[in-house]
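One chain, chain A, appears in both complexes that follow, with chain B as partner in the first and chain C in the second.
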Partner chain A sequence: MNGQIKKITAGRAAVKNVIHQRFRSVVLLILFAVTAALLFLSSFLSESMGEGIERARQRLGADVIVVPAAYVTNVDNALFLGKPCTVNFERNWIDRIAAVKGVSKVSSQLFLASLGASCCDNLIQLIAFDPETDFSVGPWLSEKGIGSISDDEIIVGRNIRKKPGESVQFFGRHFTVKAVLDETGIGYDSSAFITYGAAYAIAGDPRYKNQLPFSGNRSISAVFVKTDGSTASEGLKTAVAEQYGAAGIRVFAGDELVSRFADTLRDFRIYGKMLMFLFFVFAGTALFALSAVTVQTRSREFGNMLTAGIRKTQIFRMLFTETALLAGTGSTAGFVSITIFLRLFDTHLKELFAVPYVLPDVYSMTRIVLEMSAAVSVLYLISLTAQFVRINNMEPVSLVHEVNG
Partner chain B sequence: MKNKIFISVVYTAAAVLLLAGPHTLFKVCELTEPPMKCWWTVRAETGTAVLLFVSAGLYVFSSTTREKIYTSIFAAADTIFVILLPFVLIGGCSMNTMPCRTVTFPAIYAIGIITLIVTAGNLIVLIMKSGREHLH
Partner chain C sequence: MTLEAKNIGRKYIRQNKSFDALNNVNLRISGGEFVCIFGESGSGKTTLLNCLSGISRPESGTVFINDSDIFSLREGRRTKLRNSEIGYVMQNGGLLGNFTVSENIVFPQTINGFSVNEERLYEILSRLGLGDVADSCPEQLSGGEYRRAELARAVYAAPEIIIADEPTGNLDEDNAEIVRNFLDEQYRSGKCVIVATHDSAFVRNRYRFYRMKQGMLTAEG
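And then the complex of A and B:
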């Protein structure tokens, strides 16, 4: 039998107290966990939306977008929410817009809703584009070293679970996946990109004569425009609108389409911060009260310790360790739980908010975690202060009297 | 006794959610002809849910620590399959925006992870208890 008696340190005593006082420990764990989770959630969501809106701005690439007036909502939903639509616009608008003063580059895209896809029983947005002139997807293709795609190849968005080399079928045609687009946070994630050649072949297929609003090779859905620098996007938008506004088109500045999401994000951040502040005050108050009551109810225990010759600083070190254990474990559990939740329900959250949404990068995540840790540390200090004040005001003599009756 | 009730309730709740959840709270994709992969996954989860019910019953009637340990190991293995069925073994639709991918499978993973964490924690406690009983 081991006759050695283990030395009781403040740390060991703290661990034993945490295990022994289960109810109090569980309450404090939950308080720290919920606080950490809510702080992280609020910051994470607003950072994800901010990142999504910025990527949307970059990915659209256009200073001005021209769409048929009758299809404004459809194009908007297709671009940002990935809701499939088929939009019919005369191809000669490309040349007409290109001729406007201040225009540097023009490109077009054709939106075609699939009838259903072999990958999934849901409509997919097919987007026909010209790899040589496109400045939404084109730059991404160049970055990846993809020069062109053929009529039987396809580039799929992130949400379509296909790998390069696999085959998909749309409108009875087989396409080989050439690449998977990086996450964009907008409708492109749920879209698939094909060439105009493939799109017009589909349109010309007699099987789909009555199902598509156009045939032949004269259709596009939207014109994307870049300014030559001599005028800002708003100025170019005004110029195009003045020239062709009465011809049944709508003109948008690229920023204009994205800015309404920025307004949503701003509101979300304001309400989020208000709720966080209120919850923080509530948690701080609850923690302060709980800590003060705990010290009061354990005064007999502290009286015994003081009587046995244990100093107040040692008692305080034990409480410091107890609270650190609970704060550290609770906030880690809260952070891990909410991270798992956000990761699992990532796509559902994107659909719920209907705002461009992309997971933040490593630096932003690190900053969010540090902010959350700082906030939890403040709560921890509040708890410690309550305990320190109570213990410091304790008179060993009166406690000894109490202990001895 | 408290431990028996708590663990049995966890297993029963997980089983109920796995049985009824995909058809109510976190609905799987609509049934089509032929059925999509996600439907077969949810069908297979019925089996794992029934096994969790069995685990709950066995745990309640376990009288020794060893019996509880064996029941917990069985439940842990079953829970691993709860997670593997949608993740690897059968899977679901090929579009991330389909209901099975956005809601049903994440909910199943969450149920599986929580049940696994509770079971693992309980196993640690039981093994330590068994070690102490063995010493005495």
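And then the complex of A and C:
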């Protein structure tokens, strides 16, 4: 006998069983891991999109947006998905829209797709804006105590990995990063904001004449409108469309642009929940069957335990620990692997779903993890119930196949 | 300690025909007695031992330990009796495959909160010639070692009643002799030993012998 014999409790016996019954343990681990991973992924994506859309709604700030009809898709992609574009719109539309009844404030932005930049692998959306009048970035700058920016300064989105004070070059011009915008979940995260003065200087540079088809300093890309409070967004949209619809513009209520994504999210949630429900039923059934079969194949072992004076409650406690070990390890593995997956493929997922997307905050993450744990616990209880029912209904002798001598 | 079966009966159905595995069996054994039950296969010996150990409930009659009806106890209490008062070596039992021999022997006690009694464990292992295989897994044991390990587990808690079903079945003579001598020691130390066997080598002075036939038990001497 080598050394001291360790006292074997139900917990230690459970660990031994888990280690020795490798195939069964691995199958159960995988089942718990996949269930937890899918539950977590589905909830996480749904939450990220929901948060992204809400942030987009808040960040956009405009009640009505007017864009040239030929560039609707480009502006839409630039605003929400960060796909760079260059849009040319006559500046005089600012005054024309401002004159419509019900308009309180107007602002504009100018979109320029960058050429290759020193900072980034991909093209970047440059947006010229007026800090004094802008609804989207202006209020944020005020909140941060940044009154205005000069022509050689730039505000960068979260995805442009630059820090305040660092330098970045666009169209051969050096800009100093003044601030990094808080995560928005929309195209602004991959955009950089400059003054109209800087944008027009770039546009006037003969080297970029072919890339930037602007007409001097009379170009903008979109007009952002606030109502005066007496008119609803939809009403103002109709009024502008009726007055100028034939002039090659498209008018959107701010919510209308965002609600398109809300519809996508709703579909995603419905299909996601249906899929999860089906998988959950499948996993529950598989686990129940697997547990029942496991107890069946281990019936001789349990019969021997009962014969040796080990009570059913102790056997059940051992199985409880075995299943808890597998459920805990499996769901943790599922959670960790999905977290790594989300970290590695964050950008690809944003592109894949083409919906504003923001990582959930700590509160939401905690809620998701708790929901996931609750769902896994339900499966765990299903598994335990299957085992408990079998064990509770058995007579020791029937388990070891009574043989008449 | 007294073990008593009173009018116990149990029927089985085989090939759509009912037959008596136990037919009104009466038996009373006290501490310091060794009872051997002989009989052909299918005569009811195993069913009787299963009822005496409380792992199978008779359809009529009952079993008493010290005048206490064990089948009136809750199942948990009855199981606990096998943890302390009754050591049962089943004919087709088995050790737990994931544990070593030593662990198998102590597990029924340690899971109930008792510490490992190393002195007792060592004494039993050496008495049954299992010292060299104490750390082996059951699958590494020979048939004789396996059977002795089952016996070791049954007696580790020092139960007053030891029940063994064919304890020398399929063993070579050396192994069988070790088992017979060990059970004899238990009897001599005042334990109540009941053995169902075909092994005529159990015929020794002072043992009580019974024969089982078609579910009925008759005394032979």
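A few comments on the model shown:
What we mean here is this: the second predicted complex is superposed on the first by the 385 of 405 C-alpha atoms of A that agree within 3 Å, B and C clash if a C-alpha of one lies under 4 Å from a C-alpha of the other, contacts with A are read in each partner's own complex, and residues count from 1 in each chain.
Just so we're on the same page, a residue touches a chain if its C-beta (ideal position, glycine included) is under 8 Å from a C-beta of that chain, and two chains touch if they have at least 3 such contacts.
Quantities reported herein were computed from a predicted structural model and do not represent experimental measurements.
In the superposition on chain A, contact of A:Gly254 is made with neither chain B nor chain C. By the touch criterion stated above, A:Arg311 is placed in contact with chain C alone, chain B being left untouched. Of the two partner chains placed by the overlay, neither chain B nor chain C lies in contact with A:Gly102.
Applying the stated contact rule after C-alpha superposition, one finds that A:Gly52 touches neither chain B nor chain C. Using the contact criterion defined above for the overlaid structures, shared-chain residue A:Ala13 touches chain C, although it does not reach chain B. Of the two partner chains, chain B is the only one that A:Phe341 touches; chain C does not reach it. Touching of chain A by both chain B and chain C, each in its own complex, is seen for no residue at all.
Residues 12, 21, 39, 41-47, 50, 53, 55-57, 75-76, 79-84, 86, 88, 90-99, 102-103, 106-108, 110-112, 115-116, 118, 121-122, 125, 131, 134-135, 153-154, 157, 165-166, 196 of chain C touch chain A in their complex.
Remark: chain B residues 29-30, 32, 36, 93-98, 101-103, 106, 109-110, 113 touch chain A in the complex.
Contact residues on chain A toward chain B in their complex (touch as defined above): 82, 117, 119-122, 124, 158-162, 189-190, 340-341, 344-345, 347-348, 351.
Chain A meets chain C in the complex at residues 1-2, 4-10, 13, 16-17, 19-21, 300-301, 304-314, 318, 395-397, 400-405.
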